[in-house]
Every structure is written in structure tokens, then in C-alpha cells.
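Here's the structure we're looking at; comments come further down.
Chains here go by letter, A, B, C, D, E, F, G and H, matching the order in which they are written, and residues are numbered from 1 within each.
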Amino acid sequence: MKPLIIADTPFRSRLFIGTGKFPSPQSMAAAVEASGSELVTVALRRVDLKSPEDPMLAALDFSRYRLLPNTSGARDAEEAVRLAKFARAATRTPWLKLEVTPDPYYLLPDPIETLKAAEELVKLGFIVLPYINADPVLAKRLEDVGCATVMPLAAPIGSNRGLKTRDLIEIIIEQATVPVVVDAGLGMPSHAAEAIELGADAVLVNTAIAIAEDPVAMARAFKLAVEAAELARDAGPGGESKLAQASSPLTGFLREE
Amino acid sequence: MKPLIIADTPFRSRLFIGTGKFPSPQSMAAAVEASGSELVTVALRRVDLKSPEDPMLAALDFSRYRLLPNTSGARDAEEAVRLAKFARAATRTPWLKLEVTPDPYYLLPDPIETLKAAEELVKLGFIVLPYINADPVLAKRLEDVGCATVMPLAAPIGSNRGLKTRDLIEIIIEQATVPVVVDAGLGMPSHAAEAIELGADAVLVNTAIAIAEDPVAMARAFKLAVEAAELARDAGPGGESKLAQASSPLTGFLREE
Amino acid sequence: MKPLIIADTPFRSRLFIGTGKFPSPQSMAAAVEASGSELVTVALRRVDLKSPEDPMLAALDFSRYRLLPNTSGARDAEEAVRLAKFARAATRTPWLKLEVTPDPYYLLPDPIETLKAAEELVKLGFIVLPYINADPVLAKRLEDVGCATVMPLAAPIGSNRGLKTRDLIEIIIEQATVPVVVDAGLGMPSHAAEAIELGADAVLVNTAIAIAEDPVAMARAFKLAVEAAELARDAGPGGESKLAQASSPLTGFLREE
Amino acid sequence: MKPLIIADTPFRSRLFIGTGKFPSPQSMAAAVEASGSELVTVALRRVDLKSPEDPMLAALDFSRYRLLPNTSGARDAEEAVRLAKFARAATRTPWLKLEVTPDPYYLLPDPIETLKAAEELVKLGFIVLPYINADPVLAKRLEDVGCATVMPLAAPIGSNRGLKTRDLIEIIIEQATVPVVVDAGLGMPSHAAEAIELGADAVLVNTAIAIAEDPVAMARAFKLAVEAAELARDAGPGGESKLAQASSPLTGFLREE
Amino acid sequence: MSIEIKVNGETRQVEPGVSVAALLAQLGIEPRHLAVEHNGEFIGEDEFAAATLSAGDRLEIVRFVGGG
Amino acid sequence: MSIEIKVNGETRQVEPGVSVAALLAQLGIEPRHLAVEHNGEFIGEDEFAAATLSAGDRLEIVRFVGGG
Amino acid sequence: MSIEIKVNGETRQVEPGVSVAALLAQLGIEPRHLAVEHNGEFIGEDEFAAATLSAGDRLEIVRFVGGG
Amino acid sequence: MSIEIKVNGETRQVEPGVSVAALLAQLGIEPRHLAVEHNGEFIGEDEFAAATLSAGDRLEIVRFVGGG
């Protein structure tokens, strides 16, 4: 696979990790470490005035990871752009995971608002990584307005259901000129491996790791699976066949033929 | 996962590897090494009198791997038993991968002859690991006659098609009291990971590794994927859901609710 | 299932049929008849001045079917709106299948241009049935601007691959308040039945019927499959189970228990 | 499709139906009628001396259907053969659905005992239709001992899960010289259609029809779906493609190319 | 005085020399869709009247019922 | 002497003042299932006879055909 | 005497002329990973001390937290 | 003068009384990873030197090779 470079920044790891829903700051920090990820998503939220300390991220060494703040909670382009500005102010990075999810049940992204926000944010100097449905035409349009990647979903956020959009993601990968990051719904290492084997440039995982009983072990599991898939793609896999292909020799049987 | 023990022999690696179809002895030996496998299948064949040297296995250090000779080529129980005896004489191990495959197109196993041979071979002191269709009742019967594992197929040998028998293998895993080794048809690391995540105790891979352009890299890829899946199972994965489960907080939005 | 009503027009048949790619006008007319469809798509094209007669539709009795002209060929909203106007002038119906497909390889729809065109066309008095990717949020937005249905794709047009977008179409169906017509990619009767069983209100089929060796028989096959699925949904199907559920009695065995 | 002939008996309908689990004798008789089936399975059970009347089958007009008694409840070949003899005595037909299912949870068939019983029953003059796992080699062996069909399972009995064994059933169909009847697990009309489209000669359905809220409607739904699939196969379906295949003309666009 | 026989696995007291036909009538079993095994031998409907039961006899009375 | 117009993107020579109806007849196009746009304006069938063509006019003649 | 301002959507009473820096301190909010918007304008950390609050001011204090 | 034996299904001429060990050497077969069956009986490596061949003997020389 060609090296993963997003907005001129090279990444050695093809696993990006989210920081939500971990049971403790320590488990989160340790899982991020174990994942080998170099890009870590965070959310922006109002400080709770009744409980102003949020220790969750305290354990994370920010010097070691690139932050990717998201616009979760935004229901339209305007809210997303406003959140993006807060994100840049708070994290001091122009990198942004653009999420516009008006529907509270499936948290699926709005293609119209996402494109609109992306266009504006690119103009404002953001490096925009948009979360999208597995829509090849939308992916092209986001590329065209200057997004740094496209991030199509495998399945609804947090559903752990795996690569349910395989056929369309395959088309996105075939047509994309920016990196394709499969985001949302990857629930097990085999799901992540399948996405990379299919040709995705990276995957973003949060829930599957955070809600595992042992998040650190699960982070490491995803790390290994992503490395496995990357290796496999580079190893030049043989194709599938309908008939069997004997793995033992077809000569030298102990009988008179 | 509980430790993998077959016939009182513990295995650290849940990846078993076949040695057929490699482009060279060196690539085979290096791939076996890279796979981390401790159990390596071989076939038995008549020495070719016109070309008596078979350098293929020469590069392998037999002191480091347990050999698992197979009965490939056997079309019925009688041929399998005869081959097994040759196997034991040549390899000096009672371990045996029992294959009885009368059909030359799909190389699918014969359940009747496999059980018959298994019963006899167990009595003869062999440690029998039978290659079978994904048949839960046959698996139980093979257990009952003393087989050390059952090895249901994912798809036809060498087809690289993946876990096409998932539903029935799930039942075999649920009911088995001996280790379940998924054999045949696993074409990519994600397939192997899926099998282990489902609860298989190990996988056996040959073609996918041997026919890759870079067998050593592919061997390592399968190794990592199997480790990933094992880690994931032990990490206590969260379940699947239909609806989305937000990965970012659902409070603190920048709007008046 | 509740009766299918689109824009106050009731339909008895849940199978809509396209008229492209048939081998002859006669086979097309006979297939349309055999399909039982009451809604028939057509395309708009410039008259070829070198060969001004187009006999293809001559065999069709327009008094018996509602025409649904499409905007195939449109690459953006502007072209679609212009085509829509031609369509209305030529067919004298405000009904319109809105297609905006900038990509020539997969003919996938553009969500942005589709919404833009839909909004304008609804204002112009058209009854708009938009062809879309399986995107639940886009479907809601199209509903909101007044579309009469949404028509998510099963797979790329003419690919005959079946319901590859099942998970997302399920969400569209759950959330839609207008009829959901699964369009594109349904290649066999079982695919159409699966869509209806899942809860789709109707399906639109063209290629699978038109390129069959016997289009009339295939049209009838789709008709029966759609009726079967509709009947099944109304029959209150039992659910799936993991374990077996005996179909013969579990008492009265000929043995002492 | 070539006509369905089993043991020299032609069948017009490719849907066979079971009579277990219906809510009433009337609904059962009406569902059998609605299914169009010509072959109807029954089970054999001891008369309950405390309640000797079994009205369930009273409503069925036995002159109109061929009975196919099963050996449900048999756990090995010996029990199956004994049940078969009772079946022949009670129903006065040599036709027999051979079921040998030692496992009470998944009711999966035992390949060894099934073959053993089949061999004996054929010698005793029975027309044997064995229920089997989707095992191509076993299917050939059952053919070889004179079985009239093979009846591989789609999924566990009564599970309504659909064609979970598709890949192996495809091989059985390719290799069989007797009719292949897909039995067990078909839960919706689309599942039955898929089996016939794949090339199965017939399907046997019980639970999906019997436990529907309206068994008569469900029986009719399966009838239509099976007819649809049969028609479709005979109609010469076009193949699948990866890219789109436009269904509207690719010339005559309203723009200067 | 009665004799003991086994019917469908249950012990029953019947009068000596009773026929299978008579027993079926007593039990309220219509001789329809039945298979009857008397001491391991199938007997046909036309033999029900002639077949008489002795002490220790085993009778299996089987009917076909709804099944899949 | 003739004038030049554009019909369906192609340049055509026609007599000045010819009507759309006449042009269609010349071209062998039956006025059925048609939509005609004359200099960007749709004209109905009943206007074909009255609509006359001048030099530089643009005409789009569109028909519906089989499509999916 | 105090003035009323809005902080994160809630009405608060503060002393007139208090600085953002002082308010953060009063609220127990460490000035880390914060973005602060004062009447719709972002202000940087180095401006917290100089920015003073007047009646009716709106303040959004936002922090980044764990998220996916 | 030589005798005829069968080796791996092929007919071969060998000198009478030749040992299995000698035959292997003649054939260029290293006695490694081998299983040898002489007239249906397995013989171990340590028996190769002592086992001599007579007319009509059948020898199977089998080796393990790469396989899956």
C-alpha cells in the first residue's frame, strides 16, 4: 500500500482511535497507547459549570498524538462550522472530523449539510475529514471542495455491526484520490481487517475498543488486525476460486492411475 | 480463550500452516517461520524415481515444528489408513491430519469414510485431526471415537473464499469438547480473524499464504490477524446493536435544549 | 401492508417496470403487460434526425399505464430540471423519476444535485420520485421538500447484484413517511421479494427483465415474487430463531423415555 | 427447468409442505390446498391412549396429495428403519422422508446413520428422500445407494433463517443426478425463491407457513415465490456485473458532446 | 380375571383372548391411519379381528400425525 | 434562398418562414410523444403550425423512448 | 450590586467588571483545553485577563472531551 | 542376470539379492523422511541394509513433501 499521507502529514498507523465512552481516563490513555494510533479524535462540549473538571483527557499526553476534534452534536452546517471554530480555538489544530448528524437514532450524516460545511471550513483553512454515508458521488464532491479524506461509514456509529456497506465502499475506494478512512460500526478486528483488505487507507474505531471489558487489549487487537490487513494487501494475495485448488501435490499418489 | 491443548500438547500459536504450493523451499521455510506456527502439515507421496530429490522440505528445521502429515490423495478409509501408516513411518509422529476426499473438483471430505478411518486410526494409536465438512453431528461422532480435534472447512480447499459455513461452524464450536480448527478456504487475514472471533480454537492455512506474491509477508499477516482475534475475544467485546450508540457525549451541546 | 398510494394515486401492483434495453417493441409491450405494472418508466431523448422513427414504444398502449419519465442523462440539477420540463411536455404528466448521475461508470446519484432539483421541481408542480443512494438522511430531506416517494438503490443500475444496501434501506423504511421504492440492481425475483419482505412499498425493475432471454417470462416471475412477498408480510411471519424448532411433535416417540 | 420427477412420479409443484405445528386442522388443510403442493409430509407417533383422537389430519383429503411420512424422532438408523416400517403400514406408501437427528437442540441430521438407514430402506423397497446437512459427498453417496432425492438443509429446522448453506448447496446441485430438495430453515418466500433460482429442484417448507399468523396466506406466498423462481430460471436471466449497465439509452442526450 | 399386556409402552389389563379390533374399540381408537405392531410383527387392518392377545403381549399402535 | 437554424444541436438549412409543423413533416417526424423547445420556450402541438422559424433559431425536438 | 450575564446558556450573577480570567477561577475551571467565546467572538488565553464582563454579556466556555 | 521387482508401481530390473539400502543408493534416494514398505510390511531405516530383494517383490518408497 502506498504510504498514508493526509494533508501532507504521513501516518505510520492506519488505525485512528476515538476517546469517547472509556470507563476511566487511565484505560483510555492506555488504550490509545496500545492502539499505536497517531490520530486521536475528541469532542467539544460546554464545560459543565456544576462539575467543571473533566478528568477524562487528563491522562493523555497530547504531545504524542495529533488531535482530531469532531463536530459531534452538530445538526446542520451552521452548527458544525461554529463547533469547528471552538475546536480550533481549544485544540489549536486546524484538523477537523466533520460530523453533521441530524438524526438522533442512527446518527447518520447529512450529505447536504456536510458538503456545505466542508466547503466553508476548507475556505476557513481547516483540514477537513468528513464523516459520510457510503456514497461515492458525495465522496467525489467532498474531494472536489478540498477535503483531506473521506470517511464513509461501515454501519451506524457504535453499532459494532461490521462492513455492511461493502459494495459501495469498494466503489469509493476505486474512485477516490484522497485517503478513504472507514469510520463507524467496525466492531471487531476482523471488520477492520476486511476494510483495509478491501483497499481502505485507514479505519477509525472508538466504541468497539472503549466498551470492551478490556479496552487496552481490544486496542491492541485492532492494531494487529490493521497491520495484518496492510501486510496482506502488500503481499499480493491470490484470488478466490470456485473449485478447490489442491494444497497437496496432485502426483505421486500411492496407487496405479 | 482457554489455552489450546491438543492431545495434551499445548500450543501458543493458534495458526497452523500447510507447506504445499510454495514457490521455493526458502520461501516456504521463511513463511513457516514468519507464521509463528508450531504445527506444520505435510503430505505423503511416492518418491519420484526419475527425480528422487525433493528439496522442498529441505530448508525446514524439523526440530522446531511439530509435523502434521496428512492423508491427502486418499479416496476412502482404506487408502487413508494405509497413507497414515506411511506417514507415521516417515515422520515418526502419530499425529495425523485425516483427509478423505473422493471428489477431485471440490476436494470435499467424505463423512462416512472419514469416521470409519478415524475410528480405526484412533485404535492404532494415531492422534487424529480430521478434515470435515461443517457438520455438527459428524463432529460429535468424531469426538466420540476419540479424535483429538475436528477441522471443519470454511470453503473448498484453496478457494480463498472465506467463512462460507459460518452458521454451522458456530454450532460445532458451541457443542464441541475438543478443539475446533477451521481448515480450508480461509483466503485473507480477516477470514482467519473472523473464525477465531467466532470461537474457533485455531485455523489452518496453506494456499492463501503459499500463492501470495510474498508468502512470508502473508504468513506474518495471518499470524497477526489470529493474534488480534484471540486478543479481541479475551478482551470481552461489546455486542452489536441496531441503533447507533453515540461515541461522543450526549450532553453539553452548544445549544439551549 | 397498507395500500400503496403515491401522490393520491393508488397502485394495486407493487412492481414498477422500466422500458429500456428490450430486444423488440413487442417483447417490451408484452413484458410490461405480463408484469402487471401500472407505472412504467421512459426516458427522454433527442429525436435522431437521421432515423426519426423510434418504434420501441409504439407497441405500448399508453391508456393502460401511468408513465413515469426519467431524467436519465442529467449530470446536475440544471440538466435534470430542463429534462423534466421536456418530459412533462412530451408525456403530459407531472410524474417524474428524478435521476442525477454524474458518474458514467456506476451511474450513482448525486445527493446534492438531486435534492436541489427535487426542491425546484416540486415547486414547479412535478410529482417527484427521486432515485437515490441508500441514505436515510437524504431520504428524509427529500420527503421534507415534498417528494412523493424515495427510491433508494439496491446496487448499481443494471448490475443485477441484489439488495447490497440492506441495512441502510431498512433504516430508510423505518423512518420514511412516503413510500419507499427500491430501485436499481434487483436482478432476480428473490431480490425483489427480499426488498418487499423487508418493508419496501414497491420495487422498480428494468434490466433484469429486459435482458433475460425471455423478458415476458421474467416479467411474470417478478410479478409473482412481489405478490408473494406482499402476501407474506401480511401473513404475519414468525421470527427467526437460532436453535431448531421441531416441525414434528415432540411427544409420542416409539421408545420409553 | 426440466420437469420434476421423483421415483418416476412427476410433480408440477416444486413446493412440498409439512403438516406440523398448524394452529388448527382447518388452517392446515386450507394451507396445504393454498400451497398447491402435491407432496405432504406427516410424522408417525404413538396413539395417545388418554386422548386417542388426533383430529389434526382429519380435514385433509388424502386422495389429493401424495403422503411423505417422515422418521422424525429417530436418533439412529435402527429407530429410523423401524419408524419407516410403521410409516409404510400406516400410510400405505413406500415414500419416506428419512430423518435421523440425534441432537435435540439443532435437530441436525447424522450423516452416518442416515446413509446406513437409507441403504437398508432402499433394499426394503422404500422410496427414500433423506434429510441431510449440505454435504456434497454425502449427497453423492446417498444417490449411489439409490435414494430418490437428496434434501439438504438451508438452516436448522424451524429456524426461518434462510439459505445459510448456499455455497455448499450450489455444489450439491451441480453434482447431483437426483432431484435436490432444499429442506429446513427457509423462513420467507424470498428464501425459497433463492433456492430455486440457485438451481434446487424443489423446496420443503413447514414452520414458516404453519406459525405465520395467517398460514393460508403464507402458503400461497411460498407457492407464488417458488413459481416466480422457476419462471425466472427458465427465462434465461442475465448475469451480474460490477459496473452499472445503463437502462436508458446512452445516446441522444440534450447536450453537445 | 384379566391378563396384563403392554400397549404403547404402558401396562394395561385386558380380558384374555380379546382381539386387537375389540381392544381398539374399547380404547376409542378409530382404525384409520394406523400401524399396529403385535409382538414385533406388523398386522394389517384385515387381521385386527383375528389377532387375539395373550398375557405379556406387546402392542404398538401408531398413527400418522401432522409433521414436517 | 434558405436560412440556417439549429435542430437538436445540428445546423440545418430550411426555407425562411417554414413552420415547425412543416419542418417536422419534412424530417419525417410524427408529432407524437414529442416535446419541442423553440428558442428555449416549449411549444405545444397545437402551436406547431403557427410557429415559424427564422435564421438562427434553435429547436430541440425530444421524444420519450424506452428507459429505466 | 451585581450584573447578570449568560454563561453556557445559564444566567449568572457576577460582579461588574470582573475579567474572564477571574470568572474562570471563581468557577473552578482550569484554563486548559478551553475555547471561550465572548459575545460571539473567540478570545485567546492571553486575552482572558483583559476581557471584562458587562451586564448582558454572553460567554461560551467549551472544552474538548473524550469523543469518537 | 537380473530379477524384476516393482518399485512405486514401476517395473525395475535389479541384481538378485540387492539390499533396500543399496537400491536406494542406486536410485539416488537419500534415506531421509522416508517410509518404505516391502511386500506390504513397513521396514525401518535400520532394516534397510538387511532387507534383500527377490524376484516379484513390491517396494513402496514414500517421502513426505510439502502439503496442506
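Convention: contacts are C-beta pairs under 8 Å (C-beta built on N, C-alpha and C of every residue); 3 or more make two chains touch, one makes a residue touch a chain.
The structure displayed is predicted, hence computed values, not measured ones.
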| item | value |
| --- | --- |
| Between subunit D and subunit E, the fewest steps along chains that touch one another | 1 |
| Contact-richer chain pair [A-G vs A-H] | A-G |
| Between subunit E and subunit A, distance of the C-alpha-averaged centres to the nearest whole Å | 73 |
| Distance from subunit D to subunit C - Cα centre to Cα centre, in angstrom | 32 |
| Between subunit H and subunit D, distance of the C-alpha-averaged centres to the nearest whole Å | 55 |
| Where subunit E touches two or more other chains, by residue | 9, 60, 62, 65-68 |
| Touching two or more other chains - residue numbers and ranges from subunit C | 18, 20-21, 43-47, 70, 72, 86, 105-106, 108, 156-158, 161, 206-207, 210, 246-249, 252, 254-255 |
| Those chain pairs that satisfy the touch definition | A-B, A-C, A-G, A-H, B-D, B-G, B-H, C-D, C-E, C-F, D-E, D-F |
| Residue ranges of subunit D touching subunit B (in the complex, touch as defined) | 101-103, 105-106, 108-112, 115, 133-138, 140-141, 155-156, 161, 164-168, 171, 175 |
| Contact set on subunit E toward subunit D in their complex | 7-10, 12, 27-30, 33-37, 42, 44, 60-68 |
| Interfacial residue positions of subunit B with respect to subunit G in the complex | 246-249, 252, 254-256 |
| Subunit B-touching residues of subunit A, taken from the complex the two chains share | 18, 20-21, 43-48, 70, 72-73, 79, 82-83, 86, 105-108, 156-161, 187-191, 193-194, 197, 206-208, 210-215, 217-218, 220-225, 227-229, 231-232, 234-249, 251-255 |
| Interface residues, subunit H side, partner subunit A - complex | 9, 60, 62, 65-68 |
